[in-house]
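Multiple structures are listed underneath, in structure tokens.
The same chain A turns up in both complexes below, where it pairs with chain B and then with chain C.
This part shows the complex of A and B:
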């Protein structure tokens, strides 16, 4: 009996510990008849119940669009990275020469503790941005698009000027894409002379280096900071968290609170896609951002009453990248031959039937953005449509020979296309298995090698260990970011403070192994890394010209064969709420909290 | 008593030596896992839309949480910290002490695994006795087959099966986490109810997965005891069936107590697959995440906790045996 009592006591202690562990407060947010919006945060798998309400902490319980606010929300427009929806900022004005941006804050916005949101909050948040790393708030001397001065014009207006020694077209984006936190909660984390330190850090001498080190250390302090009770200027404020979910209740001080329909939001925890599928099949989620879903699961999700699948543009594509340091991939004819041999439509249908569109050609740009950037010129590029005869002609031009139905290297040795992908990337692995079958059917020996996980994949790829591997490209909307993926550091070009240098294949992370200059028909010899770097600073017209040149280089030289362009497939359940954005709406590229804060989502009558 | 203390001191000394060896080995293994977390973080940030230059700076900040210095210096720091029970800070939860992260995750592992172990032990032992006593009958066959079957089915298969039946098809039990967030935490029937509801499937899976082992072990032990002379003597003396049954159970259960004590040490090893499938935030899930993020301090801490608990449980099992089995105790006393 005593033993039984001991066991019961043990279990009691454990239960008590579990009961008392959860939650930051002990108030309940859900009253009778209240409308609770249920979703997941696509950027935060694995909610940590002990995480602070800190937007800079990777495991923090600040959720973008709900209780974490930015100055404005980037639209990720097809070609213009500087389009935004309002956030903490009501409006903004960029100087005609792009030398400054003047930001006006929402006039009636207050923090959840009742204090007004002021320009001082923004100034402190911009100082924090320097500690965390940001395009506009970079500390490296000469960094492109860096801010030079931050001035509080009045209580609701802030002006940020750009260092025009190396300007960037994305300066405004860099500034507006900044998280804003309350100065009265966060000011104690930064030293009083933070702006002096920032100024010193932008120099080139030893003192500047010391200041940069000091600011980087401050960055760690910011990430680890626990501000205690959540103070939010967003539509919601954190109520409590447990390992299953985070509960946020409506912030009555939010400037647009009158149009925020859900009384509370619960963000469910997940650690893998399977859990999201289960939530969707059970009809639990009012909305969910993009999650890769196999075809049979998608059919089950669609059967759930109220579930609706919507699709929009997603500025990313995936391609089969070659290591040109390795033979025979140094020969452009081999790369072209493989481009002709692989039926991309079939690959996409197998690997990403709901989440992708087969690449119409290889430009390095997502096909939707390519249509905007290149216009009619897109049709003049080689589409590399599936054509076995053309593939064989290219292989022959590369000196490959076919013996007993199998292609061999010019020296007669066997050739095997070795493709790599990290474990868990099911769509990539399915795609490579399909490519393997297609290649083997056409006499090219092939294999798929799975790497244990993503960090190892990245390391081995950077070390040049793979012949070929899948690689994300076309990361829009900023044009520099798009081509930086194929003509950036992975392919030898380093851009430091606008100065571009090229590392030899196999050196300093150049695993793609392109030559520094490439001969392209109609363009002559071009240095694509330099062209890419220019995208940062030139005007819109010149950008368009550069994008066309780079697309032609990527199309002719094929450092990557573009496989499919991702589609932003999202899920909504219309049973409890209405007003969701439909197909192709640019709000599909926003955190769903932005839909709510803009007043779109309404309770179903 | 002196013999017992001497035995205890020996165990503790050996245990500490083993913990030192395990800490050293796990330190070097963990830090030699290939794969650069910085490259992976950079790639993740860039592909989520961050500008490459900004991503580089962000990675530099995050990198500050990784241990620096030569491997030897890191080892000296680590062992020094260990003496102060300081296991370092986590990278996955930047700046958070590893001991705190482990403590938080441990309770969600220990609770269901302990409940599952005790439940399976209780049911398995009782059914094991029945299976042995009625081994020639249909009931004995059914119990033995059920034990063999469940012993052979991997935990993750059982978890998927139970999740599909109770979580998806019948939709009567949750498969996501520990409690309903809409219920206010506290010592209320509602909140305790939601905790139990969420723990049911993980506990049931763990119990079913371990039940087979207990029933088979108990059956085997009982069959051995049934052949002992004292059982025959008791039956010949005409003792009541229930008393004989108690004699059998008491003697047969002794080896199982040792296994139970060792199982307690494995509480912290948890059930990685069960936690992953039911999204139960215990040590298993934490370990997966720490490996993915190459969170050396957290990985090292988790391995140390698991091995430390196993060593302590082994010592406890050894000592327990001297307490519960008078034959061992009297042997020791005689030797002293």
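This part shows the complex of A and C:
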């Protein structure tokens, strides 16, 4: 009887705690007028109090936009990847033939220890970029858009030239998207002959290979380096860190310090979305980047006084990708049938009600960017609106047969659509569960299979182990990057030194297995991998034409069925500060420290 | 003639036993409730899924819906009835728990009995093996195993959990055997020249049966906790109507710890686990008294 009493008591406690958790909501925030700006760093879940002030360390306490600075902040414009907000660089000039970029630094910028920010700091940072394998500073011979020479023109000017053997339109972006660290603190980590080593590494002989290995090893040393006390050229400098938050105080030497309103920034620790939801519900955060939020929680967050939800463009979409080496996905009619069968609006409503828009069709491009790139042509593409009759016609065209209400393969064997997603990606899982239900409702057997984590998911996907799986596409704004996701290495095309080659399905990471040449109505036979590679080097007009061709190929051939395009849903609390960027502002795609350093955020009077 | 007397006495023994059982059950209504709960769960796992279609109906306009007569535990993030998922999900959970319990008990008892009765070299070898097994931490091993083994079926899951859990039962059965083998009735059986098989099967095993049966029931709860925990952590393949996956989706997808909307979705599988444990605890309480006359409060 005592055991029973204990169980009943436990039940009581569970019920009481459940009631208290549901009742303890909507505590409004107070403390308006505080000069401490509170937020989270969306890229750094789990603050490590022992992490170094090192922008290259994944667990470091250098926070981008606050005490870690880049040469400039890429705007992620809808179509132009080369638009930026100033950072360490005040201005930049790209040569008309895209062969070089000349960067002028902010004239009055100083590190937090009082030393001026110079061209030498930038040069050292670019050398470090080579050790980290950044796009413009790739060591692989023939890599697209790689830098060739870095020259210090004067104390405040640096010139970087592009290796024109395989140029890229995104060269300027690759250069400006570089973190800058103080040479007087970091120079000891790199050997004095680092530039000789970099030069040697860009060759093709055995010595180059040895140099590359050495530089890669240096990269690990850089990541592990602890520079000691934080020396920042950003608006803030690290004051102290504890397991619950990092506190950054204003850097009076920052070039725009006069317009930096918050006296300090507090970055709260979080390890999961639930903590962020609780911060938002309590009105603790002055702003927070995108975080997936269930509808009911979203309603509660909106009720908190001062909280505002803003939405903007997010250059990424998700699609259901097929492994065409596996039957029946090699048949375009099967892929089209599935595209007709899946109600994308329903999928998005279930999976990402606040953070997505159902894909208008499959183009491989985010619908907002597609409207810019394709214009009216977007409406001429097949929308694949939900239509069971059309789906059945496509399945029949593929030779599938329906027996006892279930679709089977042409040889009569059962067909089960096996969809894969990494465990923990709750929106992807919810979407696939919904797709599974939709398919089963219409006689297509389906299952959802999870993989332990994202890296394993990527590895197994590349090994061709999955029939279908979710795949991020439309990674804008650079047009090459957009189509590289579906007509790049994952689909067999490699682009080395401007030379495009195609690997057979199942080889060298080609798990999508599209045909090398695809017949498209109105275009004839096209090689989409070659068209994609061209996007790197052609001018703006030709780019537009290529984007249209590739969108038509993706729309007709469906290597993926585009499910939803992400929406950058963010949170702001206007109780203590004003001047926040509103809906669709391109600054929503920046770390929030950039808003502050540009002088937008003001204390509320 | 002798056989007739033996049969009559064994039949009357059986009658007495069941009369005793009924008396014990009647004395505390909670024990009856325990049995009813276990029968309910057995029915739920075997016949429950037959009441629902394979693909549960969904209402996308009623996700994380409230508790209503139509949906006593609300709906999940897909707009599917939560109660239906608890019922259909019980099959995997209970089947694997049963397999775990069987393997735990059969392996643990066999090794414990053999080791305790034989003693000597066999005992040393088997007990060192058992000690080694006991030092392996179960959860971390399961986490590692889950990366290579997908635990596709309930039987596979039960098999793995069973193979990880027999150690404690083996140890306990061995110590009981060591104590019993020195008792008079075993001495007498040995003196009569009865075979080892007879002594173990007919003399030792029945004496320990209640203890083993209780261990089996307790293993069921252990197995339910272990597998639900693994599914909750998300290390096992996703199966929407598994209780552990339901807990995972309620907390990480629905925000059940933050808002009330997904709370019924979280509580339903929790309540099922709690009820199952309660049923088992109550039945074990009754068994304790049935098999141990000294505990009878008459």
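For the reader, a short list of remarks on this structure follows.
By our rule, the second predicted complex is superposed on the first by the 571 of 605 C-alpha atoms of A that agree within 3 Å, B and C clash if a C-alpha of one lies under 4 Å from a C-alpha of the other, contacts with A are read in each partner's own complex, and residues count from 1 in each chain.
Convention: contacts are C-beta pairs under 8 Å (C-beta built on N, C-alpha and C of every residue); 3 or more make two chains touch, one makes a residue touch a chain.
None of these values were measured; they are calculated from a predicted model.
In the superposed model, A:484 lies in contact with chain B only, and not with chain C.
By the document's definition of touching, neither partner reaches A:150: not chain B, not chain C. In the superposed model, A:58 lies in contact with chain B only, and not with chain C. Once chain A of one complex is fitted onto chain A of the other, the partner contacts of A:50 are limited to chain B, with no touch recorded for chain C.
In the superposition on chain A, contact is made by A:281 with both chain B and chain C.
Of the two partner chains placed by the overlay, chain B and chain C both lie in contact with A:452. Within the superposed three-chain model, A:444 lies out of touch with both chain B and chain C [touch as defined at top].
In the superposed pair of complexes, A:272 makes contact with chain B and with chain C alike.
After overlaying the two complexes on the shared chain, residue contacts for A:349 are found with chain C alone; chain B is out of touch.
Of the two partners, chain B and chain C, it is B that touches more residues of chain A. Residues 7, 10-11, 14, 18, 21-22, 272, 274, 278, 281, 452, 456 of chain A lie at the contact with chain B in one complex and at the contact with chain C in the other.
Those residues of chain A that touch chain C in the complex are listed here as 1, 3-4, 7, 10-11, 14, 18, 21-22, 25, 272-274, 277-278, 281, 293-297, 300, 346, 349-350, 421, 423-424, 426, 429-430, 433-434, 437, 440-441, 448-450, 452, 456.
Contacts from chain A toward chain B in the complex involve residues 7, 10-11, 14-23, 26-30, 36, 43, 46, 48-51, 57-59, 76, 131-135, 138-140, 143-144, 170, 174, 216-217, 219-220, 223-224, 240-247, 266, 268-272, 274-275, 278-279, 281-282, 315-316, 452-460, 462, 472, 475, 478, 481, 484, 488-489. Contacts from chain C toward chain A in the complex involve residues 28, 30, 54-56, 58, 60, 63-64, 77-79, 146-147, 234-235, 237-238, 240, 249, 251-255, 257-263, 267, 270, 274, 277-278, 281-282, 285.
By the touch criterion stated above, chain B contacts chain A in their complex at residues 34-37, 39-40, 43-44, 46-49, 51-62, 64-65, 92-96, 100-101, 104, 107-108, 110-111, 114-115, 118, 167-168, 171, 175-187, 191-192, 195, 198, 276-277, 279-281, 285, 288-289, 291-294.
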